[in-house]
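Alright, structures below, take your time with them.
Here chain A shows up in two complexes: once beside chain B, once beside chain C.
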Partner chain A sequence: MSKLSHYVESAGAILLAIIWISPLLFAFWAAFHSTSDAVNFNITSAWTLDNFRTAWEGAPWLKYFLNTFLLVTIVLIGQFFFTTLAGFAFAKLEFPGKNFVFILVLMQLFILPEVLIVENYAMVSRLGLFDSLFGVGMPYMASAFGIFLMRQSFKSVPIELHEAARIEGCGLLGILWRVYVPLAKPTYLAYALVSVSTHWNNFLWPLIVTNSPDTRPLTVGLSIFGAPENGVDISIISAATMMSVAPLLIAFLVFQRQFVQAFLRAGIK
Partner chain B sequence: MSTKPFVVLKDVAKRWNGQLGVENISLEIEEGSFVALLGPSGCGKSTSLRLLAGLEIPDEGKVFIDGADVTTSAASDRNLSMVFQSYALFPHLSVAENVIFGLKVRRVPKVERNEKMQRALKITGLEGLEGRKPGELSGGQRQRVALARAIVAGQRLCLMDEPLSNLDAKLRSSVRKDIKKLQRDLGITVVYVTHDQTEAMSMADKVVLMKDGRIQQIGSPNELYSNPENTFVAEFIGAPAMALMDSYLIDGIKNGNKIGIRAENITIVPEGKGRLSCSVTEAEFLGSETLIGLEHEGTTGLNVLQPGLSIVPSGQRIDITFDDQDLHIFNSAGDRINGQ
Partner chain C sequence: MSNHINLERRRQAIYGWLMLSPAALMLSIFAFYPSGATFFSSLFSKHTRRRPSEFIGIENYNDLFADPTFWLVVKNNLFYAAITIPVSIVIALSMALWANSKIPARGFVRTAYFTPTVLPMIAAANLWLFFYTPGLGVLDQIGSLFGLQSVNWLGQPETALWAIIFVTIWKEAGFFMIFYLAALQTIPEDYKEAADIEGTSRWTYTRRIVLPLLMPTTLFILVNAMINSVKLIDHLFILTKGGPSDASKLILYYIWEMAFAFFDAPHAAAMTILILLVLCIVAAIQFIYLDRRTHYQ
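Right, the complex of A and B next:
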């Protein structure tokens, strides 16, 4: 009986996995075949790289890649800076209204970013950052999730280490930099992973706040490339999609083990 | 020696939400001495040390180090080092980096830094372990890294908060000797917190015994042992501790007073010739001698020592005697009243 249920569970898991990955597999397969072969599902048809050539020439991909890369870097640096300082303050400093402010920060976690789009748009425009990478990244820098994560991580640092550093002559920022930040390394790595993949894939906000090829990230570029007014060509769109997701996918496959370990270590502490 | 005291605590008090931390702590420490703060847990000895270190700021009173008023100074400005109970080694740094952490923070030039580190590692016998992380060291080695970090900067005052409590018994006694030797060789002043009277008595020049946030007695180990100022000191110091008897048991003692006597001053005599007739409660073989616990109305902690193995069955009656000159007399409040 238990053996049977074991098989059923395994089969269910495998089925789910197949359903989950099938669009990606199809896109991958379509990207390497001509449009008619892809649409008619000719399994035996010949492989080709023409789609990639056409797609590459169809849009300023290099610029898009660079934009996305810069965007996730700017967001990550900003997030590290703000969440470290805020997390440290919430974890280790005493100031009036600390708990109230922390609850406000946590409440931000309940609000969908999409709800804030109009307000963020107005704010970014007022700051004169419309249609700039900095403007795309800025609303995400003081991340509530990041602040919470850093606070938890800093809270777990034994107070003796803090005191030892104080006696050895460290100032507050010195202690943060020399003791807390190095000890929170696994948390930083796990958080970076989440942040990079989120902002690599982010679409709606960049679509709204950018309007020139110079600032457009990959996701927006891809959607414009695949828009119906350009004529729908499944194979070419698939090729473009493959190009867009490749860097992140390859990076994850290569560093899979380290990523999982970082998550585990950040979680256990 | 009429030198000015190196460290002075003057009427220091620290309270937490009205609860007692420490009260009325006054203490003078000479340069180059080894002072132990001793007491049961929760007596305020660690708090006193933290007040001295600058990790807490006193509510009342003043703290002087080397003549300067440091009552409100930051820990980093007090020119002292500290060894923590948990050692507080930085787990992400190697042994060498841990040792020179403070020098690096204080921007000591690299050449000098390395020289000092090599010296400290040599003194503590850690050569060859420079590259290891604290997680890869044994408890004793970690303890020595903490010591090396404390002495590397050459601070004249070193505070230690129960540095041996995480070591096993055998290692503890050897490290005890090492610390004492280190302190003498370097001529530094050590303030050492412990709940273990063996540590305090064997290492310290001066023992400060505390209870409930107050100092009970300050003195050399011998003074505390042979002239306890009150019944708490009498019952805390020594293994076995001093026995206490009610005054009615002995002629010529004022009613209500307490009489203290140490086990080594008690002798067993043939039946009928003793001053007290007690029954045996237990006999504990210690190796070179046997500790026999005795019971008698109006006494607590009465023991007698017999050489070698000398197990007496419990319940047996034993007569004991003692000299009047070995008696310690305390008044009803517990304070000593005879022979200061």
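Right, the complex of A and C next:
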């Protein structure tokens, strides 16, 4: 009996896995076949790279890739800078008003940048950052979540190391840079993976702030490329989609364990 | 001596504020000020060339409450939340229980469950477009094997929101799974052994031992799922654009449309404030019920 239920459950688990992965597999299949072969599920039909060629010529993908790459880099550098300093202040320094400010930061966890699009758009325009990668990245840099994460990580560093560095004549910033930052490496790595995959995939805010191919990231480029008005067919859309998810997807498949660990450590995106 | 302590205290205060100020400045510019400004502009009329904007109190909110589209969108979003939250939690839990048990091809199963999480919502929508397209789409082709009529999943009001809901569940269940998976691995083996000695069935063991132990994780996931039901709207841009006749429009999409397609910032601001209120309630749930140590270590 329990053997039977084991088989049933295994079958269920694998069936669900196949259902879950199937949209990706179908898109993969469609990307390498002509449209008519793709929609007829002609198993024996020839594989082709034409869709990729057509898709590649249909939009400035290289520019989009570069924009996305620069965007996630800018955001990550900004986040490391702001959250390291603030996280350290919250974790290891005593100063008046600290708890009050910390509650304010926690509140920001729930004020999603996505919701404040109207006023953030006004703010970015006022700062002259409209249609720039800085404009896209800035609202995410002082992430409350990142501050929280860094604070937790710095808190777990034993005070003896701090004292030892100080006796050696290290200043506060020196201690942060030479003791705390190296010890928090796993947290930085986790945060980096979560941040990069979040911002690689972000859409609504970049859609609002960018207005030209020179700044548009991949997601926005992909949505414009696939718009029904453009009359692009399903195989070419699939090819474009595969192209734009490939770097992150391959990275994920190679570093799967680290990715999952990162998302766990980070708790929330 | 006390002089020294005073000096140290002052030094810490100066350093503390100096280190905090860059982040505080950024948070003020992109979170606190915009929140206040949103509230402020929700109290003013729309600025046009003929008429400058003027203070109108809660008029914008009254307009919204009198707007049937607004209520439809709220209803859609509540429905969206009411389906996606419980269904993705239940699927995530089943996935985790399976991915944690001794089944064949476990590595593949885990990867398959988690992969949608790393895809952009826009890409996910493109993948699903291939399923939903009437006539040519995968769903229709499977249906036609069983002699079913072709269905325009995205083009009719009865099914459009369901199509959206399905993509959301597909996207977030695998993400929630890993939190359950991590929690399952912290449950000691002894419990299972004790249950086996007592002759407890697996179902009873799961229901009476495992589920209660997973409660903090469930609450954590619940809060995340609630936030997602507000912010996961990217696929609307590809799949339905909120249509047909607003049947699949969600509130954040409506805010975007109001502000950037209809150029009506005051009403968009009023809706934003209402969303922020809802998020405050979610935050309150988090702080009251959620054991904060659960996932932050």
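Everything below uses one rule, namely that the second predicted complex is superposed on the first by the 243 of 269 C-alpha atoms of A that agree within 3 Å, B and C clash if a C-alpha of one lies under 4 Å from a C-alpha of the other, contacts with A are read in each partner's own complex, and residues count from 1 in each chain.
We take it that a residue touches a chain if its C-beta (ideal position, glycine included) is under 8 Å from a C-beta of that chain, and two chains touch if they have at least 3 such contacts.
These figures come from a predicted structure and were not determined experimentally.
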Checklist entry - Between chain B (first) and chain C (second), which does A:S244 come into contact with in this model arrangement: first, second, both, or neither? => result second
Checklist entry - After superposition on the shared chain, which partner residues are touched by A:E94: those of chain B (first), chain C (second), both, or neither? => result second
Item to check | Chain touching more of chain A, residue-wise (chain B, chain C) | outcome: C
Checklist entry - Just chain B (first), just chain C (second), both, or neither: which does A:D214 touch? => result neither
Checklist entry - Regarding the shared-chain residue A:K185, is it in contact with chain B (first), chain C (second), both, or neither? => result first
Checklist entry - Touching A:L264 in the superposition: chain B (first), chain C (second), both, neither? => result second
Next on the checklist: Can you tell me which positions in chain C touch chain A when the two form their complex?
Outcome noted: 9, 12-13, 15-17, 19-20, 22-27, 29-35, 37-38, 41, 91, 94-95, 98-99, 101, 103-105, 108-109, 111-124, 126-131, 133, 136, 138, 141, 170, 174-175, 178-179, 182, 202, 220, 224, 227, 230-231, 233-234, 237-238, 252, 255-256, 259-260, 265, 268-269, 272, 275-276, 279-280, 282-283, 286, 295-297
Checklist entry - What residues on chain A touch chain B, complex-wise? => result 158, 160-161, 163-171, 174, 178-179, 182-183, 185
Checklist entry - For chain A, which residues are in contact with chain C within the complex? => result 2, 5, 9-10, 12-14, 16-18, 20-21, 23-24, 26-27, 30, 39, 41, 81-83, 85-86, 88-90, 93-96, 98, 101, 104-105, 107-123, 138-139, 141-142, 144, 147-149, 152, 172, 197, 200-204, 207-208, 218-219, 222-223, 226, 234, 237-238, 240-241, 244-245, 248-249, 252-253, 256, 259-260, 263-264, 267-268
Next on the checklist: So in the complex, the part of chain B that touches chain A is made up of which residues?
Outcome noted: 53-55, 74-76, 80-82, 84-86, 88, 90-93, 101-102, 105-106, 149
